[in-house]
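Note that subunit A is present in both complexes that follow, paired respectively with subunit B and with subunit C.
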Partner chain A sequence: MDGPSPPQPPLPAPFTHTHPAPTLLTQGAEALLYCTYFLTPSHPCALKYRPSKPYRNPILDKRLTRHRILSEARTLVKCRREGVSVPGVLALDAEGDGVSGGWMMMEWVEGKTVREVLVAGAKRRKEGRDDEDGWEEGVTALMGKIGRAVGRMHEVGVVHGDLTTSNIMLGPLAAPQQNGVTTNGEHMEQVGEGLGGEIVLIDFGLAGQSLQDEDKAVDLYVLERAFGSTHPEAEEGFQEVLKVYEESYKGAKVVLKRLEDVRMRGRKRSLLG
Partner chain B sequence: MAALQTLHLAHLPPDLAVHVALYTDVRNASFLRDQLLQGNPDFEYALVDASVILSTTHALAAVFRAANDHLKGRLKSRNVHSEIVFSLGANNNIAQSLRTFGITPTTTNLLAIKLSTDPSITSSTISEHLSASIQGIQVEFNDAKLAGLNNIAKIRKLYKLGGVGEEGSKGKRRRKDGTVESSGLVDGTAAKDAERERRELEVAILGLMALRGAV
Partner chain C sequence: MISLGLEGSANKLGVGLIQHPKSGGPAAILSNIRHTFVSPPGEGFLPKDTAKHHRSHVIRLVKQAIKEAGVKVEDIDCISYTRGPGMGAPLQSVAIAARTLALLWNKSLVGVNHCIGHIEMGREITGASNPVVLYVSGGNTQVIAYASQRYRIFGEALDIAVGNCLDRFARTLRISNDPAPGYNIEQMAKKGGCLVDLPYAVKGMDCSFSGILASIDILAEKLEKRKGEGEKGWRDEGTGELVTREDLCFSLQETVFAMLVEITERAMAHVGSRQVLIVGGVGSNERLQEMMGIMARDRGGSVFATDERFCIDNGIMIAHAGLLAYRTGEVTRLEDSTCTQRFRTDEVFVKWRD
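This part shows the complex of A and B:
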């Protein structure tokens, strides 16, 4: 998030009344992610706001926004019902008021992204401050948990569509939810930079429901590339992801077979788009 | 005796207060229901059967949705109060939601909700009218009281959430730790498990209410 940030569209009603105002956490091409709270200030939540795009035809814009919000919510609700670890949907407004776009509120997820955890870990090792024995083992265990989470998601017929280390969260170790949340969006420094905690998959904006091995293999391929490019030291650990993935559900072996094909040719089979 | 509670939900305009009263042992449910059916303007409340309400969050999430739709001028039912009952449902069928979640002639546990959509509607006017109209015992509106009045099995059935939080139905096996819980009621588990189960059920319900049939 460096450089001059483009002006952010103001939040639509009802969030114009919200006090304190939601804090912007991150911004993508389609949506803005805020930290705010649900019905009471003691119930933190994430607010994903999809502003309308002024350059789009208004009717098309409305339909796209509506479709994307509902599709993401649908996938999250399905995952949550089936026991895949994802943030639950608390409320949404896919209609907007015609001018301001739509939004969705999700459960707040404690912890850090796997990317943050691995980058911080690599930095500490570089600085030679790595006196923690068990970092390697910790990473391996983490990889296993990722493999299991992704396997579970694929088992219920959901593909993520953008499975990177930034879209996998690692919760704090003993995870009583609700506690210690900073509603102002500050990143809390955790005591003891642990690798424990529960894996939560986030950002289902590009997700869909698919039973095709190809789509699942592409998920794994994208994740593998994400590890390869940002965490070269953890690249070999990716084998552990695949190992646990393979054991996690019945169709996994076929998907791994398919992954070999995808590696050979890249993720776009159809050569479209 | 507990009194009418006035709440302010986050994000809603401060003057749009939410007034809530919970009753047990209601004796005149069919009279109250008739007032709603006749469209008696004095009885413009969301009268909800408390036995199908899981928690305060469950009820208030429906209020939040109805209030938001009210503010944006896109109510689908007659008024914001019927919209609250409609918003509890997991599909787009208004009549069905009113029948399922609204007051029935045999309702004994009743949740009455009213929004201050007009400055003349205040806590005291509502309180006065409710105590004159509802024959029942008023109790505090909180999670513990609701938990004593609701019927979890019925709630699961209404939202078709047989397995959530406890497993069973088509979800088959899957407890990560390997313990197989026989589907249905396992009440001997620790309080922590019960709490986790309740939380899972709540979040699943909120998701279904938010989607409202767009599954």
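This part shows the complex of A and C:
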């Protein structure tokens, strides 16, 4: 993203008095993600603040914000309990003061998003430094890990609702570095360029609990389209996600069958395939 | 270079002439005229009546467009026409007109994707270089971003288009279709203010409108039934005010537009763009433009929208997109000059962009 960074709405209390002040990491579509600390400065955490959206009708806005914060927290707690790799919930306020929105605090996740990793990789390949580190194999292994993580999440009855490559984190390969987190966001730089590490699913803002094949298939479809639209070069690698997903739990085959229906459903999709 | 564009994928018949200067620079719009088939209140436009409308007006419109442009037939380089997507019968009648003109005047034909026409015209008029595009009309609802020579669809309607949802609710209320049902709903919504509860159906990056339409149709029926009760009629729980038809239009707009702005914002966050371009007939709705403007401003960006001349289906956008393709050497041979109801935005190879 270029140009000056977008203006941010002020944080609600109690974060108005946090010292040092929370650092903004990303401005997503729905929420702002800050790096701050929980209780003591040595305990880093992520703060997800959902400001009210001035474009929306206030009644509709409040209804959506409250519903989303609560369902996100419930889903994360459930994933944690069932052993899906997600950040744990530390604290939340779904109502806020009724004007400025609500927030939720989560455990800090080390690493980079899969999107960042793939974009950086594609750039290096373009510059002709492609075959330096077994990139292809690394991507295939990464896809497999994504397939397994998504499979495990679906197995316990959770659907993500916005499964894009920006919402899948790749943790660092080695043990977490000491003082890996600084409040000025430099921790990003300290993580290696590799493809190793553990997959952590983040941003459950649109997630829900569902056992329906339809919802799970839509999850996979969204991920597939995210690959197609932002990483066209990794589109073939997506087959590996589906392959590992298929073997990851019992109901996976039915979901993949359903995925074919979902693909055909977009309006005016070519009938020839 | 000059291109004549013919558009007739739905109930508007449009003819336009555009000129791209040899030296580059902005395109010159020589003429852009349109004739709309308006159906009676409570009814939609049927394919066969719409096709008949197009057939009976196309000759007059072409003559008028050329006269207004002040060019001679010899000056025209190519005839661009809408290849799809759209309604079959209207598309066919316009394709026949395009083929006839091409044979009569010995010109090249260029078949154009209707959605690409909207996007390229919007970019040309507003000067937005690489925006996330929200294409909203009676037949299409898509969030589009450009990558590697294709306009890629990020999110879209899973069932009916947003404009179709609005049009059909106008039919339920038996509002006039003149100048357009959506426009009349917009005017009524300005007088409403109480928000009734409707489903909010965003699914991944996509949205769904048919359930919302079914819900609001039920509410309209409830309102009609309790109309006779006067003061004891249906009151809003929050405000205690009597619910009106205007409130229903207001609630429908607020809900569906919030969904559209939300998926657009998500696409912007994902591709890292700060520009939004709204195209298509629903894009001329001022409330949608306002909501999108607030969202874009809060992200430090801006919204680009055009007025009804370019938002609503028109011939000039087909002429423009056709000429862009023609300049890269693309020509549709007579035997390939078909039309199709299904023609996805991402099927087109965009040769004219980097």
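We take it that the second predicted complex is superposed on the first by the 234 of 273 C-alpha atoms of A that agree within 3 Å, B and C clash if a C-alpha of one lies under 4 Å from a C-alpha of the other, contacts with A are read in each partner's own complex, and residues count from 1 in each chain.
Following the convention adopted for this analysis, contacts are C-beta pairs under 8 Å (C-beta built on N, C-alpha and C of every residue); 3 or more make two chains touch, one makes a residue touch a chain.
The shown structure was predicted, so the numbers you read here are calculated from the model rather than taken from an experiment.
In the superposed pair of complexes, A:Glu82 makes contact with subunit B only, with no contact to subunit C.
Look at A:Leu211: by the touch rule set out above, it reaches neither subunit B nor subunit C. Of the two partner chains, subunit B is the only one touched by A:Leu90; subunit C is not. In the superposed model, A:Val222 makes contact with subunit C only, not with subunit B. Of the two partner chains placed around the shared chain by superposition, neither subunit B nor subunit C is touched by A:Val99. When both complexes are overlaid on chain A, the residue A:Lys53 reaches subunit C alone and has no touch with subunit B. When the two complexes are overlaid on their common chain A, residue A:Glu107 makes contact with subunit B while staying clear of subunit C. In the superposed model, A:Gly161 makes contact with subunit C only, not with subunit B. Overlap of the subunit B and subunit C interfaces on subunit A comprises no residues. Those residues of subunit B that touch subunit A in the shared complex are 9-14, 57, 60-61, 64-65, 67-68, 71-72, 74, 161, 163-164, 167, 171, 174, 176, 199-200, 203-204, 206-208, 210-211, 214-215.
Residue ranges of subunit A in contact with subunit C, taken from their complex: 1, 3-7, 9, 27-30, 53-57, 59-60, 64, 161-164, 166, 206, 218-219, 221-222, 225-226, 228-230, 232, 265-271. Contacts from subunit A toward subunit B in the complex involve residues 13-15, 17-18, 36-41, 43, 70, 73-74, 76-78, 80-83, 88-95, 97, 104, 107, 148, 152, 177. Residues 85, 140-141, 145, 147-148, 152-154, 156-159, 161, 195, 200, 202-206, 238, 254-255, 258, 261-262, 265-266, 268-274, 290-292, 294-295, 298-301, 341-344, 347 of subunit C touch subunit A in their complex.
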